[in-house]
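Paired with chain B in one complex and with chain C in the other, chain A is shared by the two complexes that follow.
And then the complex of A and B:
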């Protein structure tokens, strides 16, 4: 690997400061959470930040204690440190009890070895897994000016919200966090700021090169999830081309506020089908105030995919996603 | 050289090496290092950071390249405190296999966090050592396959692997053992599905998964209740 310098930061403030100093010296800097994806990019000479070279300096966040905690808030929500591992999230009793879709999403990421190291921040800010980007093509995501999948091998690419880049957002946590109305805390040289989960992710029409609003000097430090209303239940359903160890071909995070067998409110956010976590408000609206019957679930699935615009080789994702939504909604509503 | 005419040679069991066989006492790694020593003796320039032939010396000598960022690393390896200067860019797998002596049981397959051959335990949890930096191990405790048999006595899990023919080519075995060790530590009576889930990040190219699952269940003493389908 390239001979970079690693700094083990002891606090977020120290991490931001180390990064600022290195940048002032003209060096390229990357923050490392779990580092599993970052090291892959460095080994493969793929830019971690679009248009930047390989990092001269890594600022490791691993030694920082506070942002690895998962704590229930006084209001009944949960705050999840961006450095919490995916294993910690999937095993957290608070998350499993009140925010099941988030725990389920964390539990189906990659493998135990990745989940033991990979962090919430890294899962949300990971670069796309498009095979063109990962194989060194000078695409938008690498700082270039093309999307090679648009007219190429696009089996795994977007059916919603694509253009000019057609990547799919690879995070499993992201749809679950959007469905729960989370907000993200970001630290940078200008201090800390907060953005809502949907506003964190950037569609390619706004910015084809970046997947989120993080600036070069910024790092995700935490996720705050508000208390769910009484009667809320949730689940995350991920479809892969094998049973484990890959990204979603299509997935759905569904959060429902139930009153007996009537659904008061629903959030449905799709993964693996769009460059950002993809919310389907028309499908959600069908469920509001309704008893969830198999027929209603079928219509919800149909409406969820009405806006789909598949590419040449990924039309299979349309019926797949329709089925994922239908089944997940029905199963969640029927859960005792 | 490796053509079909050599197949009888290839089939010879390792135990067939007799005492008059000049290779009997040589491990493969020792043989390769001996070759490296011969190169040095012949006047070839050793690579910066390359280890020398004398194993006692090598244990100390994690030589680093000139002008490359380094860090003093303190961590525990198989229960023994370590105090080493490492290059910041070294992965943990690289430190174990290429820079230290006696811990090459950890294998590198894909070198990209996909196959699991490099799995070690960090503070008890399975981790891909190819996808974590050595400098990130500061203050941590690392267990490798060598640590499962500290005085050369195999663990019950290792014995079960042998009894159930869990290794075929054996390349993935040390990684499988580490993931299974962590599982049994956490869950001493796993079901076959628990084992499959715990080992999902360890690929076996020989596809000997059934025997591996059987071995783990046997080690847990639960083989009677759940065979591997």
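And then the complex of A and C:
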């Protein structure tokens, strides 16, 4: 791997400043959380920021204290610092109690070792795991001008929202956060800004190279999840090629506000099937005000995949996703 | 004699030194070993072997004290890195190293242009017979340390030695190679089509020992008459995928020269073969090469003998007169060593309505990559008694990565297709697959005798343990609901041949300890411990009275190498004979006094006098298939094996479990995917190849039927490879029983199941 400098930031402001200085000196910079993903990219000589060279400098955020906390807000929501580890999220009583899908999503990421070190910020900002990108192809995601999966090996690729890039968003946390309507706090040279979850993730038609709105000099500071309405329950269901240590082939984060056995509102966000966490509003609408029967769950599953546009080698993801949605909706509704 | 090393302090039946005399039976093993016996359900227990002891080096290993090759350091040593081919097939026009040489810390760069003549002889062998010098000399398809043209992505092009890892790696990236890209081919059938890119001037069929492009296999009996006599014929096309050996420890080599002697620390399964091949490739005598491998992180065949890494490190060390350690990345290891050959197979089976197989035909292509590192053969059909067989197996060259021996090299990808088709035949004639196997499996005959035969017992015991009659569905796919259960069965027989090896025992009168010198390494099954157990048993000593010296060609005698499941049988038997020699000497001269030593040795080359010596096994698997999500879960797996006497039940059981898991992984997960447009591999490494994880591993119930056929050490047979041979088939047959769809392509992924059911 290329030799690089590691600078430990003590505050977010310092991190932003260190990055600016390095950039002013003509160096390529990356922010590092746990480094579980970033260091592998460095070892494989894959650009972390599209269009930039391998990092000369890593600005490590690990030593910053504040953003590693997970705290309940006065309104009953939760603030999850970007430096919180995935293990901390999965074990947080607040998250488990009120935002179960987020805890379940964190708990099925990769492996225990990666979850102990990997952070929320790194999980949300991780680069795609498309085998073309990870094998060094000069694709959009590396700063190039092609997607190799379109006419190639696309078994793991997008069935929704693809083009011109067909990656799937790799984060398990992302669908759960979108389903809960989280907002993202971002700090950069120009100060702080807040972005809603659907605006944080960027479809390839808008920007084929980046997966989110973070600029090169911006740090994700934390995620704020609003208080759920009374009667809300949630779950995250992930399908993989094996039981651990790999990303979702298809997943569903489902949040339902229940009133007895009637579903008042539902949000359903899919993972592993689109370049961004993929919301299925028509399927959600079917549930509003309804008693959830097996027959309704089946229709919800069907409607969830009506817009699917599979590629040559990933048609199996359509029945798979239909099944995941059907099962997850039914299981959540019948949970005591 | 000082401390009573023989028998002293051993609570279980201590032996007095006098009992070590000639001809005094100390154990059942000392009975004449020439008489083959029938399988004995209950063997009389022995003193030391058979009781389940932890490995003698377990503590060193789990506490991190064991020094693996990568841990080794030498004062001032250099680090080496490879530059590998990014193209599946290309001619190297030029290599410009000027920028790399200019980098501070770079000491040497070697490539095809600096060393065009060093042949890596065990990497491409006419006929693929790995221990045959003539075939290595004769092959028309010479493989070089650095080849030109390059024929697969990942083939080494150059190597750099520098003062640290960063400099070596950066320098490798600063080398500019000009390539002329050549047409490439990835598919075995396309490679044989007219007009296919030619990887060798002789064409793309692997050459046999006489350099002829002939298929393996051959004819037996009268296949045409057999098919004519059949009431029905079933046929099918099957594919099996490339599976990397995927051992945890990637290759690394530390090479140092003392004058004109080369010392190679290298992870190899066979130090003797590794020494011999490196010596011949570097123009040295065997005694000028010392190969040392004390601890190894797994092999599975990937570490048989020598590898080009040894040659590169040795060359760099010679160029720089400095010790050089070559290390590779996981990806370089995955693509640059080898894995199980993938296959495409067309099979036909003729049979009568009462379920007797009358003829079998096989047309198969084994994908070998650009070099014939090993044979490309396929077994499985030979497990049936059918006398009329027509087999043609073409080892085919492609521009994929190289194939070679992985745990039971020709077996699982040979057994899966034929035993899947035989399963179909059983259903077609309305027979239970177990009854069908009992009717058609191979048995000893007047012409071909076995040292013993226990397949029936294995099958009967397995069926009972598994509760086959209740778990197997006479109508496949009959379960209601999205989650369907099914049961599958497969059987095997596999070589357990005897052969030559050596062992030395030294009894030191001063210390009172016995030292065993054996040329084994320890790739995982615990060979060191097994050898010590065998010596202790035969000597009537306790295990802790025997020290083992292993893994060093300068200190240990020849051993066959830990491949082909031979170490316990061959080297273990040499240990028995050496111990008998020692006992004879003690009987003649008495035990050695202070400052005296006794040295005993043996190089037996036993024979079964024309009888076949095989191990046997039956696997029973139950799966649950979620037809909505395409998920397969193995819910029960019973493996019953006859591997002769089990010398150490702890690792033996683990060997079967590990092999079964590897087989399940092969059945359901592993592949190496290529992009057909550019010949690039996409899924190298554990993440991409999707091996099973601990969470995917089901409980595997293992039972041994123990026998002593009079051969090997106390009757021990093959264990290490036995468990992977038929486990993928048991899984595939169970999936068929669950869903009623025959999955003919490995791996049976979620995607393939959903597509089959769509």
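Rule of thumb we're sticking to: the second predicted complex is superposed on the first by the 336 of 336 C-alpha atoms of A that agree within 3 Å, B and C clash if a C-alpha of one lies under 4 Å from a C-alpha of the other, contacts with A are read in each partner's own complex, and residues count from 1 in each chain.
Please note the rule applied: a residue touches a chain if its C-beta (ideal position, glycine included) is under 8 Å from a C-beta of that chain, and two chains touch if they have at least 3 such contacts.
These numbers come from a predicted model, not from an experiment.
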Does chain B (first) or chain C (second) touch A:43, or do both, or does neither? both
Taking the superposition as given, does A:268 touch the first partner, chain B, the second, chain C, both, or neither? neither
Should A:117 be classified as contacting the first partner (chain B), the second (chain C), both, or neither? first
Chain B versus chain C as contact partner of A:197, first or second or both or neither: neither
Which of the two partners, first being chain B and second being chain C, lies in contact with A:316: first, second, both, or neither? second
In the overlay, answer first, second, both or neither for which of chain B and chain C A:2 touches. both
Counting only touches as set out at the top, which of chain B and chain C does A:132 meet: first, second, both, neither? second
With both complexes superposed on chain A, which partner does A:244 reach: first (chain B), second (chain C), both or neither? both
Do chain B and chain C land on any of the same chain A residues, and which? 1-3, 43, 111, 243-245
Contact set on chain A toward chain C in their complex: 1-3, 43-45, 111, 131-132, 135, 137, 148, 151-153, 155, 239, 241-246, 249, 313-316, 319-320, 323-324, 326-327
Per the touch rule, the chain C residues reaching chain A in their complex are 166, 169-170, 173, 329, 331, 482, 628-631, 669, 673-677, 680-683, 686-688, 690-696, 749-751, 754-755, 758
Which bits of chain B are touching chain A when the two form their complex? 65, 67-69, 71, 87-89, 91, 111-114, 116, 119, 122, 125-128, 131-133, 135-136, 138-139, 179, 182, 197-198, 200-201
Looking at the complex, which residues from chain A come into contact with chain B? 1-6, 8, 32, 35-36, 39-40, 43, 58, 60, 62-63, 87, 110-114, 116-117, 243-245
